[in-house]
Amino acid sequence: MMDLEKILKLVRTGDLDVEEAKQQITRDLGSPGTADLGFAQLDLEREKRTGFPEVIFGEGKSTEQLIAIFRRLTESIDRVLATRIDPDKAAAVCAAVEGVSYHEAARALTWFKRPILKVHEGYIAVVCAGTSDLPVAEEAALTAECFGSHVERVYDVGVAGIHRLFRRLDLIRDANAIVVVAGMEGALASVVGGLVSKPIVAVPTSIGYGANLAGISALLSMLNACSPGIAVVNIDNGFGAGYYAGLINKNLSKRA
Amino acid sequence: MMDLEKILKLVRTGDLDVEEAKQQITRDLGSPGTADLGFAQLDLEREKRTGFPEVIFGEGKSTEQLIAIFRRLTESIDRVLATRIDPDKAAAVCAAVEGVSYHEAARALTWFKRPILKVHEGYIAVVCAGTSDLPVAEEAALTAECFGSHVERVYDVGVAGIHRLFRRLDLIRDANAIVVVAGMEGALASVVGGLVSKPIVAVPTSIGYGANLAGISALLSMLNACSPGIAVVNIDNGFGAGYYAGLINKNLSKRA
Amino acid sequence: MMDLEKILKLVRTGDLDVEEAKQQITRDLGSPGTADLGFAQLDLEREKRTGFPEVIFGEGKSTEQLIAIFRRLTESIDRVLATRIDPDKAAAVCAAVEGVSYHEAARALTWFKRPILKVHEGYIAVVCAGTSDLPVAEEAALTAECFGSHVERVYDVGVAGIHRLFRRLDLIRDANAIVVVAGMEGALASVVGGLVSKPIVAVPTSIGYGANLAGISALLSMLNACSPGIAVVNIDNGFGAGYYAGLINKNLSKRA
Amino acid sequence: MMDLEKILKLVRTGDLDVEEAKQQITRDLGSPGTADLGFAQLDLEREKRTGFPEVIFGEGKSTEQLIAIFRRLTESIDRVLATRIDPDKAAAVCAAVEGVSYHEAARALTWFKRPILKVHEGYIAVVCAGTSDLPVAEEAALTAECFGSHVERVYDVGVAGIHRLFRRLDLIRDANAIVVVAGMEGALASVVGGLVSKPIVAVPTSIGYGANLAGISALLSMLNACSPGIAVVNIDNGFGAGYYAGLINKNLSKRA
Amino acid sequence: MMDLEKILKLVRTGDLDVEEAKQQITRDLGSPGTADLGFAQLDLEREKRTGFPEVIFGEGKSTEQLIAIFRRLTESIDRVLATRIDPDKAAAVCAAVEGVSYHEAARALTWFKRPILKVHEGYIAVVCAGTSDLPVAEEAALTAECFGSHVERVYDVGVAGIHRLFRRLDLIRDANAIVVVAGMEGALASVVGGLVSKPIVAVPTSIGYGANLAGISALLSMLNACSPGIAVVNIDNGFGAGYYAGLINKNLSKRA
Amino acid sequence: MMDLEKILKLVRTGDLDVEEAKQQITRDLGSPGTADLGFAQLDLEREKRTGFPEVIFGEGKSTEQLIAIFRRLTESIDRVLATRIDPDKAAAVCAAVEGVSYHEAARALTWFKRPILKVHEGYIAVVCAGTSDLPVAEEAALTAECFGSHVERVYDVGVAGIHRLFRRLDLIRDANAIVVVAGMEGALASVVGGLVSKPIVAVPTSIGYGANLAGISALLSMLNACSPGIAVVNIDNGFGAGYYAGLINKNLSKRA
Amino acid sequence: MMDLEKILKLVRTGDLDVEEAKQQITRDLGSPGTADLGFAQLDLEREKRTGFPEVIFGEGKSTEQLIAIFRRLTESIDRVLATRIDPDKAAAVCAAVEGVSYHEAARALTWFKRPILKVHEGYIAVVCAGTSDLPVAEEAALTAECFGSHVERVYDVGVAGIHRLFRRLDLIRDANAIVVVAGMEGALASVVGGLVSKPIVAVPTSIGYGANLAGISALLSMLNACSPGIAVVNIDNGFGAGYYAGLINKNLSKRA
Amino acid sequence: MMDLEKILKLVRTGDLDVEEAKQQITRDLGSPGTADLGFAQLDLEREKRTGFPEVIFGEGKSTEQLIAIFRRLTESIDRVLATRIDPDKAAAVCAAVEGVSYHEAARALTWFKRPILKVHEGYIAVVCAGTSDLPVAEEAALTAECFGSHVERVYDVGVAGIHRLFRRLDLIRDANAIVVVAGMEGALASVVGGLVSKPIVAVPTSIGYGANLAGISALLSMLNACSPGIAVVNIDNGFGAGYYAGLINKNLSKRA
């Protein structure tokens, strides 16, 4: 946060008067780096606080709001990620703000002040049960890449043909963190969990029908996984999983 | 049902008068072989109709009711199975009715007019994920045995250590029908389903905690299994699964 | 799987060197017959493993993906079934891949290298409660036919007019396996279950309204059926039921 | 309610002053025949208003409260019914208040100023699927009897052996109203509904296990019954069903 | 059903041979008056069995199917009711089948061989909480009218302004049966139930939002109503309620 | 309500005859100030009874119905508020009824006989977690303003960046009542609740995805808030919250 | 919070050195008035922050923990309230800590440094539907009294006999805030809401059975109440309702 | 797994015959290090595969089974952890197996061949909302410690008094992984998530009442947390969270 010690020293030396100091302390405690767009208070110092800049959740935001947010964020921070963007809105934002790219498979927009550098060592494995789970897996992969992790994609390895998983097991085992994306009964998380020694972030997807209950079935499966070493994010929350795996990977890399 | 043709012929020949014939037809359509105990109408011809005699669901029945039912059934049919019997009631029934045995692991009572003959060829595999699922698995195994199937038990082979399953895969593959019993996330059904070509009867158990929701988690998993060849019975319904697998096995045996 | 004994003998005789042998064993354990389409890993040896080739679940797959999958599968396997295909996608696939047929009532695509031969003896009865349940019943019937079973359709025999069922009871009783498709309260499964001695695969449908909860009502009914001999597949899962009944029928036929 | 006309006439004639009249009108609109026990406001004129006196729901009431309520009600009304009373409380109430009887099967207490007269013509059929549903069926039967209806009990006729139902169909068909009590999948209501032309009050019971969800399964089934002519009361609410059927029967009797 | 006695006498006298008699008995037990349209088995004798002819549930049926059903039913029965028909399908059916009328508020089609005669004495009150519940209330009212009951509509009398209800209480009290239609929290059923002595059929509607859960909130309220004398039909099931109330009214009228 | 004393005095003096008096008392008890539009009974004296005039819930009402309601209400009451109005219907109503305004952000229509006067002292704080919750927050704010409260909007202060909340805490603390609008996990209500001494009306919104369950997640959170001083209204019910806060504020203002 | 200005002035004048000032600011921001018991961090300044001292939720706390908490709190604050205390624990706490009283009906313990003074003007009405809801109503009433409000109890006035409510309507109308406690279908909240102009805090209770779902039925009803002016707290949360009503009353009293 | 290369070389050189080699390969693929206790297949090489030895889930296991498992595991592995052990079973196991300790707060048994060495650098913060959440928090802490992590406990810092959290924020921020344990509405996870840059494992607890739904409320909150960097384990699954955090910490330590 603010440099409290410095302020107090200035007060002591008389270089800052009491009222001003009081205001600075109060404000800084209150609003470090917030950009007020009226409809939104952008959190410009999220990166400082949590390690990653604020990410835009696109669902329910108008094209105008998205453009305004992109314009403001690109002034102040180095990279911007917006998820859940449909192609029409994406086109409008790309047209309005220079340097924004659309990733159709992941339904996401990104903007970088400078080329992505894969700064972190090691990699994240994004493992995905079926073809229909791809958009969520891609959202996870893109998020992790966007925050500086290398990603290995291991797709369509659901347990109905478990040999497909075994063939690529070494790649999965050597990752620093593993994202497992699965719909239907979500059994893939349990199976991978019994075979590796790395933290797994499980993402249930809403793929399936009937008693799938829009992803509740996979969610419950993953929460009840008989293998330990599995933690779960919200249904279809590829972003959350990519972020979490990226966080683990970044901390490992820093340490190394 | 009744021999309608015979009745009609007797009417024709005058050996049976119209009123009597009418009564016979009506009654036989209505109540073939029912024993009325007041509180229960025992279905003495269930075996003729569905291939197995009526089975007693013990939960919520008093010791007196159980004894009365056993007494009546042992007069008319060849074998009796009663499930969900706690040890105290079991002791009372065993004391009151000769020849009744209690199977503690399966919480079931059986009675046979003559020794069980394993009449059906082939066998049923009862596959069970964890130690806590044993009572349900035993209920399934005993039910199948009671109706004349040989059973192979493959216990404690949950997916957290999937090699335990692979070791015994051949035994499972060669069964005529497979019962898979699993609680928690129930992933075992999907995994077995991807590896065999025999019908699987999946039994979710209420084993687990938290978001397991007393077995709903495993139930939903099994219904949403990404492998085909899996059908599901009610939570903890070992009896239903053993019965179903026994039915498949019996029909196969008849055919052979 | 691979012929391990043969490989080892070749090693022994020196006809296969150690490194090569190691690779063969490892790969074969890992990936027997998988076709990699990038977005999908087609399981070309599913039939060898589970008795039926991989079936395409059409929901959520693009027309392009479907065409690519059909093109690849028709090269390697003898028959292809794709379910949950809407008419527009169906037309595009039929135009692009020769020999593909669309079954509108069942919303499914099929392709056969050679004419279907009804190889299995006996038949499957597909019993359906109401007119609105027809698409699910047809999916079940087509699936079973596609895998070589003869099917008898017994439609619109819901319990509101139970005499309609009794009229056709003999046909149902003589089947090797029975698929019961019902929405609303799903009582048909229980009623049939009390009258026959063949395994019943019950399919709840999402037909109904209000507290039907998109099929949950029928699903719970079927899971709680007071008649034994009933196992349940997912809501609207005609494919799963047809597959399961086909599996039972095929095994019986083999045996006979 | 009060006799407003009479009051106004008294005002007119000067036999009642304005203030008094005002109080009478206000109070009578507000509290006709309420007995205040502190912890309860007994509704002494419920019978006048709705055709039946207030019934005591015993669950959660202490023995002391039950005795106090019985003492007060027996002073003012002709018959008292209290449901959901366990044997211990029942014994205490019977000991404390003269003339109270306990009906163990129905878990209910009754008291009558004079012998029950079966005043209503015709009868109510209480139809029950299984032995375990008996307490709920008895609560329904006793309630109807208590309010002056003759009851015919048709027990243990669940659809797993549907011939048991057909045998007694005529008795059911000739009732003025039919109560159907069933747990598990509750299919009995639909089947009866397709065979009769009298209003059916369906009572789901909490009998069953697993995905029965304490009666929710039977409740949903009955609400979704494909036969019309069925209305549903709360799970295990034998009282409500007996009351409702009694109401129909009483109105018919009045008319006749 | 068939005249069994007559058949037997003919057998006795030799006027009917045994084989023929057997067929007649079997067929008549099995299929009295069913019209087979391929996709549907129309139940032509439902009225004889349950007091009302079969009603068409329009949802999910195609225009072609509806026309075929109307054509067939109008040949054999005296009145036809089809519910859940949208305006487009309605127009097509009206154009194709003479004498069919569309009731827009109730979203229903009717056809009568001869003018409706209000044959039953007394009337049914259809009481409705809010303007948005009107379509369901109209479906109930039309159904009752269609089957020969007079209906009094008491609309928009929800408990937020309970005086609106009191004003029309006498009309409600004098009905033979009362349909209460309410969405949101469905409290109207309880309030009416505390004030009348006639059977109430409560219809929860899906009107509301948020935690209304598409009618589940009102459904649970009505099932848990603290007033007795209330039975419940499925959410939005105006037809079921009108039918049920009509059944009570018809039986009363017959008796009178 | 009516002036009962006055009526009685007139009766006494003979200036009102008994029959007339009876009618007046009965009618007034029954229908004070209701306008009957056929499809709706407008409650013209709601304000007298509950402090606010009746508010129109627009969802499910046709444009014609809305216009009729506005026309009738603007004749009799001073201000009209209609919520859940989409832009098309709004345009039609504004065109048809003079003086009606549309508030797009709040999706509401208002009409005032005379300019709004902010009559109540103090103010209400409407606190909102995210940009996507704005429509609900605006509905709350407009409702409160419409009924005479000053509103301070504190938007986009969700707990992911809790400093944004602290910055504006004083404004929140000094309100007479606080509306907290939040979707996703709804944690904002608990956090604000731990920091202020004013009643909080929490509004869960349906913003979120996956296991958000259309607002159920936030609803449960708010009901289980570990801070006291929080009461909850229905999901997305901005109107209810604004009304409730307005009620508290008005009562405070009256008192002051 | 801390007096920041004073600290800064002391820094300026040199009476406080920078390091000390930094610590004071940091700590005070962090932990004003917390008592650390190891297993609990008692919040001694909750009253300053939210207007009421911290209340102890007794469920799940051991007798030892309760005694330790009471001992510590009675040293620092003026009144202590602990809810959800069973009689055994209560006796132990009363024996160990002087001046603690147990309120059996409300299952709560209280301790006051000095006699309760009813400081606030006006009163709160606690309205309760049935006898079984009393413990929750008493918890609400005691909580409000404990924090200085006068309470009027209006018990057993459920809508099954709505005249009981009307009789006491004036008492309810004149309260500053109204707590409505109801189980089963919870309709009482809606009915009261349509009749008064004061804020209502609705408390659903878990009283009922079957589809009551342990209070969910009443909870949903109250959230969906068609009358505005109702906000809801958690099931059985008498404390929360009494607290909320007390907060409204206190603020009104302060203002007056 | 096995050393395939070595086996193949021995085959080549003739030091191992083909049959034996085949058996070794097959068995090792199938069952590396499983101890068969009949009722359980202990996974002795779990540590090799996943980094931690198998942990015993005590619920539903008999004392005899626990003792047998402890006896067998202590022969083969270095440390044993058993969770969900009640005090009675614990005493029996401690008496029967030397060196086993019971941790009452965590309800867990541990056994170590040699003293625990805190091998991993850095630490895990276990943060807990309320006193009632302690057993779950302790299970998490003990699990992490048992697998070699240092743990800092930060207890009773729920958001109702958010300053308690801020006071200890630095300790939380510097952890390598953070376990957040909270019941009720579980808001603590979101708040911590907005303030730190380390991965958070959130554990919902079943603490609360009413609409808490045995932990579902907190579970949904945590899954829907508006802050990223949060992944969730099952309700009350302290073990899973401690394991997961331990896994992250161990990998970091290895790297460092």
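Chains here go by letter, A, B, C, D, E, F, G and H, matching the order in which they are written, and residues are numbered from 1 within each.
Throughout what follows, contacts are C-beta pairs under 8 Å (C-beta built on N, C-alpha and C of every residue); 3 or more make two chains touch, one makes a residue touch a chain.
Treat the numbers as computed from the prediction; the structure is a model and nothing was measured.
In the contact between subunit E and subunit F, the residue numbers used by both copies make up under half of all numbers at that interface.
Distance between Cα centroids is largest for the pairing of subunit H with E. Chain geometry summary: the mean Cα position of subunit F and that of subunit G are 26 Å apart.
If each chain is reduced to the centroid of its CA atoms, subunit C and subunit F end up 54 Å from each other. The mean-CA centres of subunit E and subunit G are about 50 angstrom from one another, to the nearest whole unit.
Contact of a single residue of subunit G with at least two other chains is seen at positions 29, 49, 160-161, 193-195, 210-212, 216, 219, 223-224, 227-228, 234-235.
Contacting chain pairs in the structure are A-B, A-C, A-F, A-G, A-H, B-C, B-D, B-E, B-H, C-D, C-E, C-H, D-E, D-F, D-G, E-F, E-G, F-G, F-H, G-H. Put simply, subunit E touches subunit C in their complex at residues 27, 29-32, 34, 39-41, 43, 46, 49, 54, 57, 59-61, 65, 204, 206, 214-216, 219, 234-237.
Those residues of subunit A that touch subunit B in the shared complex are 129-130, 158-162, 184-187, 190-191, 193-195, 208, 210-213, 216-218, 220-227.
Interface of subunit F with subunit G (complex): residues 49-52, 55, 176, 193-199, 201, 219, 223-224, 227-235, 239-241, 243-244, 247-248, 251-252, 255-256.
Residues of subunit E that touch subunit B in their complex: 4-5, 8-9, 11-12, 14, 18, 21-22, 25-26, 29. Every residue of subunit D that touches subunit B in the complex is listed here, in rising order: 131-132, 134, 155-157, 160-161, 163-164, 166-169, 207, 209-212.
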